[in-house]
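Shown below is the structure under consideration.
Going by the order they are written in, the chains are A, B, C, D and E; count residues from 1 in each one.
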Amino acid sequence: MRRIGVFVCHCGTNIAGTVDVKTVAETLGKEPAVVYATDYPYMCSEAGQNIIKDAIKEYKLEGVVVCSCSPRMHEATFRKAVSAAGLNPYLLEVANIREQCSWIHKDMEAGTAKAIVLGRAAIAKVQLNAPLIAGESPVVKRALVIGGGIAGIQTALDIADAGYPVDIVEKEPTIGGKMTQIDKTFPTLDCSSCILTPKMVECAQNENITIYSYSEVEAVTGFVGNFSVKIRRKARFVDENKCTGCGVCTEKCPVKNVPDEYNLGLSNRHAAYIPFAQAIPNVAVLDKNRCIKLTKGKCGLCSTVCSAGAIDYEQKETIVEEKYGAIVAATGYNPIKIDGYDEFAYSQSKDVVTSLEFERILKADGPTDGHLQRLSDGKQPKTIVFVQCVGSRESGSSHGCGKEYCSKICCMYTAKHAMLCREKYPDTDVYVFYIDVRTPGKNYDEFYRRAVEQYGVHYIKGMVGKVAPQADGSLMVQASDLISNEQLHVKADMVVLAAAIEPDKSARPLATMLTASMDTNDFFTEAHAKLRPVESPTAGVFLSGVCQGPKDIPETVAQAGAAASKVIGLLAKDKLSCNPCVAHSNEMMCNGCSSCANVCPYGAITYADKDFSRRQDGSMIRRVASVNEAVCQGCGACTVACPSGAMDLKGFSTSQIMAEVDAICK
Amino acid sequence: MQVNNEFRPKIVAFCCNWCSYAGADLAGTNRANYPADVKIIRVPCSCRVNPMFILRAFQRGADGVILCGCHPGDCHYTTGNYYARRRMTMLFSMLSYLGIEKGRTRVEWVSAAEGAKFAATMNEFVETITALGENKRLEDLRCKK
Amino acid sequence: MQEVMKKRASELLADGTVVRVLGWKNGEFAYDPTPAVFQTVESLEAFVYNDFCASNLSKYLIKFLRQEGKTLVFLKPCDSYSFNQLLTEHRVIRENVYIIGVPCDGKVAEDKLREKGAEGILGIETEGDQIKVKTLYGDLDLNKKECLGERCLSCKSHQVVVFDEMLGENGEENPDCGRFDMVEKLEAMTPEQRFEFWRGELSKCIRCNACRNICPACSCEKCVFDNPASGISQKAAADSFEENMFHIIRAFHVAGRCTDCGECSRVCPQHILLHLLNRKFIKEMNECYGEYQAGAEAGSRAPLVNFTMDDCEPSIIYTKEAGK
Amino acid sequence: MADLKEQVLTASGVNPLKCMRCGKCSGTCPSYDAMEYHPHQFVYMVEKGDIETLMKSESIYKCLSCFACIERCPRDVEPAKLVEAVRLAVIRQQGQNHLKPQQVPEMLDEELPQQAIVSAFRKYSK
Amino acid sequence: MKKIALTKLDELFAAIAASKSLYLPVDTEKGAKYTAWTEGAKLSEATNTVRSAKDFFFPQVEDMASFKVEGKKIEVIDTRKEAEDFVVFGVRACDAKSFEILDSVYLVDPVDSYYASRREHGVVMTLACSRPTETCFCKAFGIDAAEPAGDISCWKTEDSLLLKANTEKGQALLDSLSMLEDAEDTAADAVKAATREIVEKLPLSNLSTDAFGGDKLSALFDSDKWESLSESCLACGTCTFVCPTCQCYDIRDYDTGHGVKRFRCWDSCMYSDFTLCAHGNTRTTQMQRFRQRFMHKLVYYPANNNGVFGCVGCGRCMRSCPISMNIVKVMKTLEG
């Protein structure tokens, strides 16, 4: 039996007003294990803390119970005091006799009786408290950012700025992501490239940043502060260090009919190519599926014309292995495939385009050199219809590819498109069919109202039911106007569909590697929806950009910065002090059944075959669980899932909780 | 406990540290009354509560046991309360199957902001248990005084 | 069937595919075969398979998990579900086991014979559906169907769900087995009646642990009831609460993992209807979280280590009861 | 009339609360102009419980049951099933058959397929 | 020798129950069970009860003492209750013999006062077997199913129950029962002969104990057959709990929150924590525990008790073992 000291706080009259603190101290002093019990007006004061410290020394206390306010308030204070007196800080328990007793009960007798019971429960628990020492694990001072769009770029820049090395892994040949394809940005109408390109260049030039373009994450092991990542660098058949980005190879390459990804297939590129003029790294790539030399062994023209001698047909993909302290997922998004929406005639007419395709049409380096043209006949459209919410906000739809969520960015970029059309081509009639116009954001609603009021865009509340290509090349748009309660038939030259956005397909396998959780839509789940929005529940994994949920550029950049600051906060530490209240598996009892691992939200539990052979009983190898204390957050889900009781939680052990139950029900 | 012939129930409330325990603290801060029969045990998460703890409470003389946790979707540990919810559903099912009066056990989701709800829930629960009376069907006679 | 099994076992032992055979060995009487391990072709002489080979052999495989060489095991439909469940829980290694599936149309229970007056049994012969029992006090002609064990009367599946080879024709699942009928009957009672029913049942318990030790899901290295550190260890039902406690916790520990093989009720020397506890959990989980059959598929995730965001609230149990 | 609404909801199996008022049903409807109450209004009126007005309206017979609205609805609301259910509500009332046998001879002509009459009876009469 | 017509059995039982508690085997849905006699209770015809009769003298759970804790004081309270007088009727020869075996454990110095008190207060009325069954092998241990011991021995003939007192306690009880008529001492001979004839025909009638006994220790202990015999044992305690002679118990403390209750309960050598000591366990494998049980009955016990075996051949374990492993199989295997 441990020697316990009990310290009852009056908290002025906060506790003493409805709880007879003297009686509490006196009664608890009679408990078998209690060798010292006292009361004091303010236990949290320095004088109060000194009483505890002195008593620990004088009475050789092995456990301390403070009956006071909520442990959420002063547990840390008292732990420090206990620790200062040489006792392990976890040999302290706080009985909450203020918030959960004196403040709620008006009757002195009932309040006092309850305070005694709560004190007994704390005494019973502290008897079984183990002295805990927070473990430590070293932090590798390097971060990995997966995805090189604006989210990844911003995160990497911010981390690098703080002085930590950071690697960007981008699966495309260049960083930049979706933002490179966009013409203007709302609500200010800045040129997207103009604000993005400098950041891309900065990434390339920053000494702390290493860009692994045309690369993918292959495997992740380890845990917070100490991840080990394998990065697969795909062969681009061009030596990155030699290529000057002059572009001669891309001009001379005889294969000219490869759909250009940058233009979403609206134009063609060569088999040797640089994605776009401002690509970073500005290095050519050979398309291994289309290059004649790589597919048939002939040609070799690019090698001949390359003065830098950078072309290397023998290049193989390589695996880079690196250690990181933190990982940021910034895998971004794509518009959904809308081929399933027959009613909008997307696959029937070239003049029905998605909004991202429309961006390419508007942008100066796009397939039409920035001229607003119909892709079918090159004519300038006179009437344009924008359809909102294509594939967003759908439930159990027959289309099968719709999303239940709102894609969030469509209202604003459509307003931007409409505005740009009217501005550059005032003779164009622009219709926007909407269900709701959602513009919560600084200057957003003003922006939308400008489209309506200054630019005369026709906003019609109602959905388009059908788009029918006509013999004369026009598109008959049939829609409802819910306000005037009529069915409209608009003869349009062009229809732009605001397709829903979805997380990039690479996100799910990545989440599996990271043991980070995802929702049913494949968006990464944040550790807490409100309070920890840029952290994954898996320690050391952070979220940046649309991979966590739909968001626009300003929000993405804000989140990217937030994620970076979380990473910096982590990397700034030399060692991670782990929460000592973590799960622990008793190997002698573990069956290796995996029930615990099934419910662990952090992937903190691993299994290994262990030898339990004993001389007298012969060989015995069993599969047993072990908990990575640096990863475990101490929720205790595993302790209940475990049928044999091998899993227990330090600080909240089964025997501790049962002792509390017993004391309360006595 | 039988004092002056008036039955006062023994009630154990398991509260998760992040939401419900904080909610209970808030109830105190707001001076929202509920009977002293309720005694709270702090656990890190509702998923730490083993059905065994609840049986233990009844064995030791509790008349009612309530488990409070973060609202589904708000768990500090993301998924803990989802597991707790299934476990408790199954426990309730088994207790009911064994003929234990319904209502002796309860689960309520209380956020850190819901001090008033915490107090109201406890008041209601104490009322329910008082009406049900002493726990006879799950008692351990050896633990009686 | 017995001869075919013996032949295959001999072949596989002889050609080195397996180093041991897990089957049943003939007993003292016609009705008491014992699970046994055969390591030589000669020892297979004592191999037996008949209407009384009720033991679920899958749990024994845990012992052989780490021993050298492959083990041949004969699995009946029930046993094959248990095997899959053990596989899911990494208690057995598939590669180390050679499974021969054997069809089963129900096993005869010794008690049923006794109930029908068979005492002083000297011999038993089965012919189709007829069982001829020779006793010291006269001969009896019994119908096999009427002598089947309780669990076989509501058999969920005649299908062997995992095997390397199947002897005879594999059966099918039996969704209309009515295995929840008795659970429903209990659910329809008042809480008072249910309480009385279970007090009656559970008070018979002598804590021999037969139910636990036969149970393939109760495969813990150390059971919480044998572990003083667990806080609930018991050796005897010293109080009615402990009678309840043992069985509730046990049912809980196997909930979602119990394949409903019915061994617990079969072996209970006090004939407590233990499977009704497990079936209640199976039924409730089916109703709350969708149909799930433990062991139907190796690697499946049991309902209690799984969740969906829109699971029902625990209070549904009370509204359900009120609805009745 | 709460019970009328209940009847329509039960008969159709439709939950009008799922509607997000996008109007795609009406945007799709080929009979839009012939209808006094358009598909999206149908959903809204059922939700409000204004069934009797719908029962009296010719609109319910103008619906072609082409199910385009069902096909296109992004929220799976199924307006055509509501129209069908309202028609059924009318038919269920005694003597409210929209098409009576006596009317058939005068409507017959050689071009009219037999099947059309049969389906008209199914749709319009008890 | 006394007798009473079978039709008047109820009268006899009522007369006994008037002054003492009377227990007798009564049929339940699943086998016979010793039950307190109440008006209308019918004596079972079964060969034997599912559980043995040892519970009457050696109950599965028995309170020994309790400790009351108040503040820093502990008080020890003797919770022993004075045993009441009781009569057990219908005990078979095998179970009657089991009492002798339990006596030799519990009534030798130091006497187990809990057991002794119950023995003192109990009157055992045995009933000779008339329909022994295939699992019976009492004969192997020298028990005569037709001549059961006990305070009073009884026989059932076609129309009456014959009673013979063997002890003073038995005689006193018989004397108090006025409805009994006198009978010839030979009245039971016919039924005894009939029973003995059946016993000869039992499949286990020739079971030999020659290979066993106190002097066979080393040969048996090291037998290589234990491994295969025990491999299918599940380590449940069924055999020990239905056994009339298994006498091991464990003493446990139960913390009630305001004190401690000390009780003893049956233990089983099949359990992994059997004889667990601070240093660990002397028997670490199931084979060793399995061997212990049979060695105890067939070797250790006779070694200490003049060759008397610790088994009475009641056959209960044969019927209740989940995997049908039992002492007969063990004996035959070891012998063969």
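Simple rule for what comes next: a contact is a pair of C-beta atoms (placed from the backbone, for glycine too) under 8 Å apart; a residue touches a chain by one contact, two chains touch by 3 or more.
Values in this document were obtained by computation on a predicted structure and should not be read as measured data.
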Chain E and chain B - chains in contact with each: A, C
Comparison of A-D and A-B (more C-beta pairs in contact): A-B
Chain at maximum distance from chain D, centres defined as averaged CA atoms: E
Chain centre separation in whole Å, for chain C relative to chain B (CA means): 36
Chain A and chain E: spacing of chain centres that average the CA atoms, whole Å: 69
Separation of mean Cα positions, chain E and chain C [Å, integer]: 30
Rounded Å distance, chain A centre to chain C centre (Cα mean): 46
Interface hub residues of chain E, defined as touching at least two other chains: 254, 257-258
Overlap residues in chain D, where contacts from two or more other chains coincide: none
Where chain B touches two or more other chains, by residue: 51-52, 56, 60-61, 73, 79, 83, 87, 140, 142-143
In contact (per the touch rule at the top): chain pairs: A-B, A-C, A-D, A-E, B-C, B-E, C-E
Chain A to chain E touching residues, read off their complex: 30-32, 614, 616-617, 662-663, 665-666
Residue numbers on chain C that touch chain A, as the complex places them: 66, 88-91, 219-224, 227, 229-231, 253-254, 257, 301-302, 304-306
Chain A residues within the chain B interface of the complex: 70-73, 96, 98-101, 103-107, 110-111, 113-114, 117-118, 121, 517, 525, 527-529, 537, 581, 599, 601, 633-637, 639-641, 649, 652, 654, 657-658, 660-662, 664-666
Residues of chain E that touch chain A when the two form their complex: 69, 71-72, 255, 257-258, 284-285
Residues of chain B defined as touching chain C within the complex: 51-52, 55-56, 58-59, 72-73, 79, 82-83, 85-94, 96-103, 105-107, 137-142
